[in-house]
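Here it is, the structure, as structure tokens.
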């Protein structure tokens, strides 16, 4: 009788979580699309010095407002044309990707660290700690991000580092809120209690029992906040209070092109489209990560 | 059944009070989750605790595991008070097995890592020794070695519960707190886990505190049974006494509610009129009196004292 | 007695990523007026799905087919959505495991009770309220009139389940489908609720289809029992027959697994069924229980029909009568 049952037990174990994840990632088209686009943009940013046909800061007033290659008067020398100072637009766009990504990643690293620390502490310890963190979140939510950012940049002057710091210290609220509620959910699981009963330190419990189980939510929030930060930077730069010229920030490029909106519309359409594609792909990836990781272990 | 009369675990007058918020600006009210609980657990014995939800049995388990401090009273393990002891010391001697094998295993960890965690936390041995011990204990709980690299969601409920048992036993604790270890499982799996627990008890000379709402399971396993109601012990006796001669009316009602698979007997009327009282506003006198078919006048005003009748201890005015 | 429900060869198919899942594989049963049929099985046996398909409450992706599926003489499979709605909650009512999910948290109990009746029958609010109070008293709720204005969260689990039962009774149904109605409740409350269901059944002459995994509940409640394993009935009969003379090795195994106070020796080893339920994806041949059966032989690889054992007592097993009789005797001893 045992030989029959053993053969069943042998086959029993289903696919591992990793195999399931791999399968659902490969089946998720918009996740793959977003991820693919981001890989291309990151590569373009990293390889900008190699890919860029010209120096992005080199001015040549004699060729200013050269239209892109698909319009009358365009040439393959400047595929996306030149701006009001005659700088090569494609080169500026490639270098601009570096700035957008630096700001996105930098701001998320800062805000993610602050928000996750606060949120996990609040969710894990509850009680007083939770009250304090909730108070901090409320205070933060009552501050209008754009106005505060404008004020700080106006006082300290705009630079890449300051923009990253300002955004990093302003965008942690969503991390805190999401991490707090996910920690509360995981905290009540029996495996956390079991780790306590084994004698694990609180830090160990948070790092090895709780964090792996809320990582998916962290990634989703991180992608959304990254898109948020990049958009805010573009907005600040557009208002002249973000990254300062001559740095080729996409927001700055839109601002510089707005004067010629009716005569040379591609000047803002090209950086605008680049921003749109980057934000869209980040959001597609975030949504995809949420879809792929959410139903694990349920049903 | 081999067990001595030396207590490995003693509870002396344990009380646990939670302050429950009544809403904004309304202040708090005390909830007496455990009200003066005194129990002895002897080496090698299975002590069954029966009671319905809200009777305080889970709070008791948490206090025994050192996860919660009692409001007053003391817990003694081998005559030593738990107070002032580090969680690490307690965890070597007392380990839990939880009810739900789906939430008691971290879904992001491999089975091997889950079982070896206690060894790593306590710094016992090197990785090679960990693996040897894990394989040894896997064999003991009846799981093949290949599950080491599996994840919990690849396994069935029964297999998961075996993993949870392996984790609890790898440090060779003296006392295992089984908190409803089979109530989330199918009947055919439940019997396997119960058999396994009994085998392991003999093999490793364990002492069990077996918490359950299922009287028939407790009757089958326990050497002594405690019936709890609203944070108090209302009856304490060997299982044959409890089942053949229940003293407390609540024990009687609980017993009457056990539906054995015997057709033709119908569903008994338990005569427990009113519903379970709100523990924040417990009834006066004997806490069971509003539901008790045999309630007398004195039950409404005076709390009953503990009576020793033969081998049973009962808290009921009927026996005073 | 008349049959309220007649089902022949009920099958449910659900496409999943790994292929076609067959959780219900050819059920045939009928429920007579005023009778209790208990379907008992472990998780994954398909018992809840078959109850849901009787109400046509499965998601669209599930394919329900049957040679015959009639309720009060009408074909359930051919009913239009409005006819189905008219049947559900009216002539056929359901009691779920978790009473909180069956009650809407944002309406009062009175509102919900009255609404059920007025949706199906042309009565005034006053009449409906009177019936609600009458039924709440019937299900043992004291001060029924004052409970009408309470919300579900103000009640305890046992009281909520009583309200759900009262709600199921509002339209005076002919059939109540109860899916693990007491699993979420404490033992004393479980006994009370089941006791109540029995009383109400006699008074209102309802049929009950009770789905549960608890053999104790089945033994005490059922007129007839169907033991379900891997989407099939493996043994059917009266409660007396199935519990006193179980013939199918699965039924015997199940019964040996549970300790019975006063019968099972204290501390003795309990019986067990080794192995696990087979996957129900794809086509299956042969007895689904053969991989776990202590008496399996080569013949078990062929499909096994549900055969008569004695009057009303059917079994799905290839073993011949003499073999089964001796096994059954062993199991009882």
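Per-chain residue numbering starts at 1, and chain names A, B and C are given in the order in which the chains are listed.
As a working rule, a contact is a pair of C-beta atoms (placed from the backbone, for glycine too) under 8 Å apart; a residue touches a chain by one contact, two chains touch by 3 or more.
Keep in mind that this is a model prediction, so the values were computed, not measured.
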| item | value |
| --- | --- |
| Pair of chains joined by more contacts [C-beta pairs], A-B or B-C | B-C |
| Far-end chain from subunit C, centres as C-alpha averages | A |
| Separation of mean Cα positions, subunit C and subunit A [Å, integer] | 51 |
| Whole-Å separation of chain centres (CA-atom averages), subunit B against subunit C | 31 |
| Whole-Å separation of chain centres (CA-atom averages), subunit A against subunit B | 48 |
| Subunit C: positions in contact with at least two other chains | 274, 276 |
| Shared interface positions of subunit A, touching two or more other chains | 9, 12 |
| Shared-contact residues (touching 2 or more other chains) in subunit B | 156 |
| Residues on subunit A engaged by subunit B in the complex (per definition of touch) | 9, 12-17, 189-191, 193-200, 204, 208-209, 212-213, 296-297 |
| In the complex, subunit B residues that touch subunit C | 1, 52-53, 156-158, 186-188, 190-192, 194-195, 198, 213-217, 219-221, 239-240, 243, 253-254, 256-270, 272, 275-276 |
| Complex contact set, residues of subunit C against subunit B | 42-43, 156, 158-159, 186-192, 194-195, 198, 213-222, 238-240, 242-244, 253-264, 266-274, 276 |
| Complex contacts: residues of subunit B adjacent to subunit A | 65-67, 86-88, 90-92, 94-96, 98-100, 102-109, 117-118, 121-122, 144, 146-147, 150-151, 153-156, 164, 167 |
